[in-house]
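Think of it as A, B, C, D, E and F in the order they're written, each chain with its own count starting at 1.
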Amino acid sequence: MRATALLSALNPLRPLDTVDAHCDLMCGVYNPAQARIEAESVHQIAVKYHASDDETFRQRCVIIKEERAELVKHHLSVLWTDYFKPEHLEAHPDLHTTFWNAIKAAGEAKKTMDPTAGEELLRQIDAIGDIFWATKGGKPEWMTA
Amino acid sequence: MRATALLSALNPLRPLDTVDAHCDLMCGVYNPAQARIEAESVHQIAVKYHASDDETFRQRCVIIKEERAELVKHHLSVLWTDYFKPEHLEAHPDLHTTFWNAIKAAGEAKKTMDPTAGEELLRQIDAIGDIFWATKGGKPEWMTA
Amino acid sequence: MRATALLSALNPLRPLDTVDAHCDLMCGVYNPAQARIEAESVHQIAVKYHASDDETFRQRCVIIKEERAELVKHHLSVLWTDYFKPEHLEAHPDLHTTFWNAIKAAGEAKKTMDPTAGEELLRQIDAIGDIFWATKGGKPEWMTA
Amino acid sequence: MRATALLSALNPLRPLDTVDAHCDLMCGVYNPAQARIEAESVHQIAVKYHASDDETFRQRCVIIKEERAELVKHHLSVLWTDYFKPEHLEAHPDLHTTFWNAIKAAGEAKKTMDPTAGEELLRQIDAIGDIFWATKGGKPEWMTA
Amino acid sequence: MRATALLSALNPLRPLDTVDAHCDLMCGVYNPAQARIEAESVHQIAVKYHASDDETFRQRCVIIKEERAELVKHHLSVLWTDYFKPEHLEAHPDLHTTFWNAIKAAGEAKKTMDPTAGEELLRQIDAIGDIFWATKGGKPEWMTA
Amino acid sequence: MRATALLSALNPLRPLDTVDAHCDLMCGVYNPAQARIEAESVHQIAVKYHASDDETFRQRCVIIKEERAELVKHHLSVLWTDYFKPEHLEAHPDLHTTFWNAIKAAGEAKKTMDPTAGEELLRQIDAIGDIFWATKGGKPEWMTA
C-alpha cells in the first residue's frame, strides 16, 4: 500500500497533491490543535485560580500554567518553522508577525492569572488555525465528524 | 464572570451540568486529540520509513517514532486516570481493558516499522475518542467548525 | 555467555523459566521500587512542609511534590501496561482497578499537603509490589541482602 | 543593593539604561552562546560521524545530533520571542526572516550527516549573535576576558 | 504525628538519630536503587542486543541504553552532591573518586554494546550502595522483606 | 576536509594537539558558559524577586530558579565526569572538591531567595571556567571577539 493511499484512507478530505508532497520533514503530521489544547489549559487554570482560595491549589495553578504555556510556545514554534514553507509566506505575508505575537501572548499568559490573557492566546491560536487549515484544504474527518 | 459562563462561551455545545462539575482536577481540559495526533506521527513515520532508503532518515524514523509512541502512552494514561471517573466505568465496563490494550498497542508500535501497528493504534484511540466525546455530549466547535 | 546465564548471575533467586521468557519488551527490567521511592518523596515532602514556616521552602514543597507524584504515575503506568501480561490478569482479576486506584492516589497526593495522602499512596504501591514480586518468585539479592 | 547595581557589578561593560529596563520577562538573562554551543555539537557530531566506522558510534551520532539540534531550535525560539522586542524589529527589519532561516537550518542539520549543514547553522547563529550583542552594547567580561 | 514518628513507622530499622537530622535537603529520600535499576536496563539492553538480529530492535537498543545510562548518571550525581555530606567524606576519603569512576562507567556503557560495560557499572553502583546503606544503618524493610 | 582542519577553522586559537585528541566522548564540545548562563538566571531571579511584591511573579521566581539551578547542576556534572580526565586531575588535585562544592552551591541557591547564593555560585563556576580554559589554551574567538 502506497503512502498516498494510506494518507487518503486516513483523511479522505485531504487532496493528494498537497504541499506535503514537497515536505522534507520527518512525519508530516502537524495540527494546531496541540497548541490549542494546551492554551485551553492555560486559560482554564487562570479561571479556576480565581474560583479557589486554597493556597496549595493556587500555587499549583501557577506551576502548571507555566508548563502548559511553555508547551504552547513549543507547539507554535514547530508549526512556524517546520510546517510553514516560503510559498505559504507569499500567501500570508503577516505569517511571521502572527506567530511572533502568538508566542509572545503565550509568554504573557505565564505572567498573569488574568483569564483574559488566556482568551487572547486562544484567539491568536485560532487565527493561526484558520491559516493552517486553509493550506490543508480542510480539517481531517476525525476532528469534524 | 463565572467559570461556567466562560466554559460555555468557549464551547457552546457543552452542557453546563457535565461530570466536570464534580471534577477535582487541575484544569479540566482533556482531549483525545493529543494522543491521536502523536499516533498519526507514529503511523506516518512507519509509512515514510519504507518509502526511503536513506540510512540516516531511517534511523531518525526509529528514534522519533519511539518518542511519539511514548507521548501517546502518556496522553492515554492521563485520560484513563485523570479524566475518567467511577461513574464512567459503570457506563463503560470495558474501559480499563480498552485503555490497557490501547497503551499496549502504542508499545507494540514502538517495536515495529510495520505501518499496520500504527493503524491499529489509531483505531483504538478513535474508539476511546468515541467514548470520551459521548461523555462530553459532543466535540467543541473549534474542532468541528 | 547466554542471556539466561547472565540473568541468573545477576539474580540467583530468579527462576530461569519466568514469564520474562515470553517477554516482548525492551530490556525486561521492572521494579516497583521506582514508584515506591518517588512516593516516599511525595510523602516526606508533605511531612516536612508542615514542619516549616519558611515561605520559599513551602512553595518548593508544592513544586517538587508535583514532579515526584508525576514520576510515580509514570512508573506505575509502565508497570501496568509494559510488565503485566494477560496471564497475570487471570491470576489477579483486580489488577486494572488496583493500578487505576494507585495512579489516582498519586494524583490525589498532588492536590494536598496532607501526609496521609502520601501514606495511602505508599500502601497502594506496596500492594502492587506484593503482586509484582509474587510473579517474579521473590526479590533480587541486591535488594534483600 | 539595587538590581541595577548588581547588574553593573556583574557586567561592567553593560550600560545601565539598556532595553532591559523595559523588560517584562522573568530573569532578563539571554545569551546566544547557548544556541552556539549546541550548534557546535551538531557540527562536530557530523564531522566525527564520518571519521568513524563503528556502527554503534554512528547511530549514537544520529541520536545525539537530533537532541542537540532540538536544543538549538529551542534556544533560538526563546531569543526570538522572549528577548527581542518591537523596537529591535524596527532597527532590524529582517529579524523574523533571520530567525526563521536559522531555526530551519537547525532542522536541516537534523536531516543530514553532512558537516556543512552544521557550518551553515553556526554561520546563521553568529549573525544572530552580532545583532544580539549590538543591542546589548557588547559582550560581558566573563566571555571576553 | 511528628516527622520522626512517621519516619520510624515507615522504616523501623532506621535509627531516629541519623545524619538526616542535619539534612538541609528537600525530602531526605535517597536510594541507590534508582541508579541500580537503570543500570540493570543498561546491562540487559546490551545482552539482548546480541541475542537479536532485528535491525529496528538493535537501533532501539542503542537509543534506550543511551537514555537509561543518562538516568544512571543523574541518579549518581544526585547521591554524590545532595546526599553525601562532609562528614561522610571523612569516613570515606575515596568517595569523590568512587563517584567519578561510576559516572564515567555509565558514560562508557553508552559507548559500547558490550555487556561487560554494564556489569562493571553495576559493580560500581553496588559498591556505592554498600557505602550508602552503611551510613543509613541498613536498608528499609520494604526492600528486604 | 579533515576533522582537525575543521576544528582549526572553527577556532584558530585552539592548538590541534589538545587533550581532545585522546577524547573518547561523543562530540568533544564542552563550555562552562552553559553553567554560567543558567547561574546568571539563578542570581537574577533572586534579585528580581526582592524587587517585586507581585505574588504570582514571586512564585514564578521560585519555580524557575529551581529549574535553572537544576540545569546548572547538570552542566557542571557533565563537565566534571565527561570533560575532565585523570591527567587534568593530576594538574588540579582539588578538582573533585571544586566541583562538589560548586554543585552543592547550586543546590543551596535553590533553597534561598538571597541573591548572595547566586553570587557565590557564579564565583565558583568562574573558578571552574578558569581551570577549564587553561586546559584548552584559551577561549574560542566567538566568545572573545
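Just so we're on the same page, a residue touches a chain if its C-beta (ideal position, glycine included) is under 8 Å from a C-beta of that chain, and two chains touch if they have at least 3 such contacts.
Since this is a predicted model, take the numbers as computed values, not measurements.
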Treat touching chains as neighbours and tell me the shortest step distance from subunit C to subunit D.
2
Among B-C, E-F or A-C, the pair repeating the D-E interface (over half the contact pairs identical) is A-C
With chain centres defined as mean CA positions, report which chain is farthest from subunit C.
D
Could you classify the subunit B-subunit E contact as same or different, where same means more than half of all interface residue numbers appear on both copies?
different
More C-beta contacts across E-F or across B-D?
E-F
With centres defined by CA atoms only, which chain is the most remote from subunit E?
A
Give, as an integer number of Å, the spacing between the C-alpha centres of subunit F and subunit C.
35
Starting from the mean Cα coordinates of subunit A and subunit B, work out the distance between those two points in Å.
16
Indicate the whole-number Å distance between the mean C-alpha point of subunit A and the mean C-alpha point of subunit E.
40
Subunit E, residues touching no fewer than two other chains:
59-60, 63-64, 111
How are the chains arranged in terms of who touches whom: line, ring, star, complete or other?
other
All pairs of touching chains?
A-B, A-C, A-D, A-F, B-C, B-D, B-E, C-E, C-F, D-E, D-F, E-F
Considering only the defined contacts, which subunit C positions touch subunit E in the complex?
1, 3, 6-7, 10, 26-29, 31, 33-34, 36-37, 40-41, 43-45, 47-48, 51, 60-61, 64, 68, 115, 119, 122, 126, 129, 139, 142-144
Quick check: in the complex, which residue numbers of subunit C touch subunit B?
24-25, 73-74, 77, 80-82, 96-97, 100, 103-104, 107, 111
Residue ranges of subunit A in contact with subunit F within the complex
59, 62-63, 66, 110-113
Of subunit D, residues touching subunit E in the complex
56-57, 59-60, 63-64
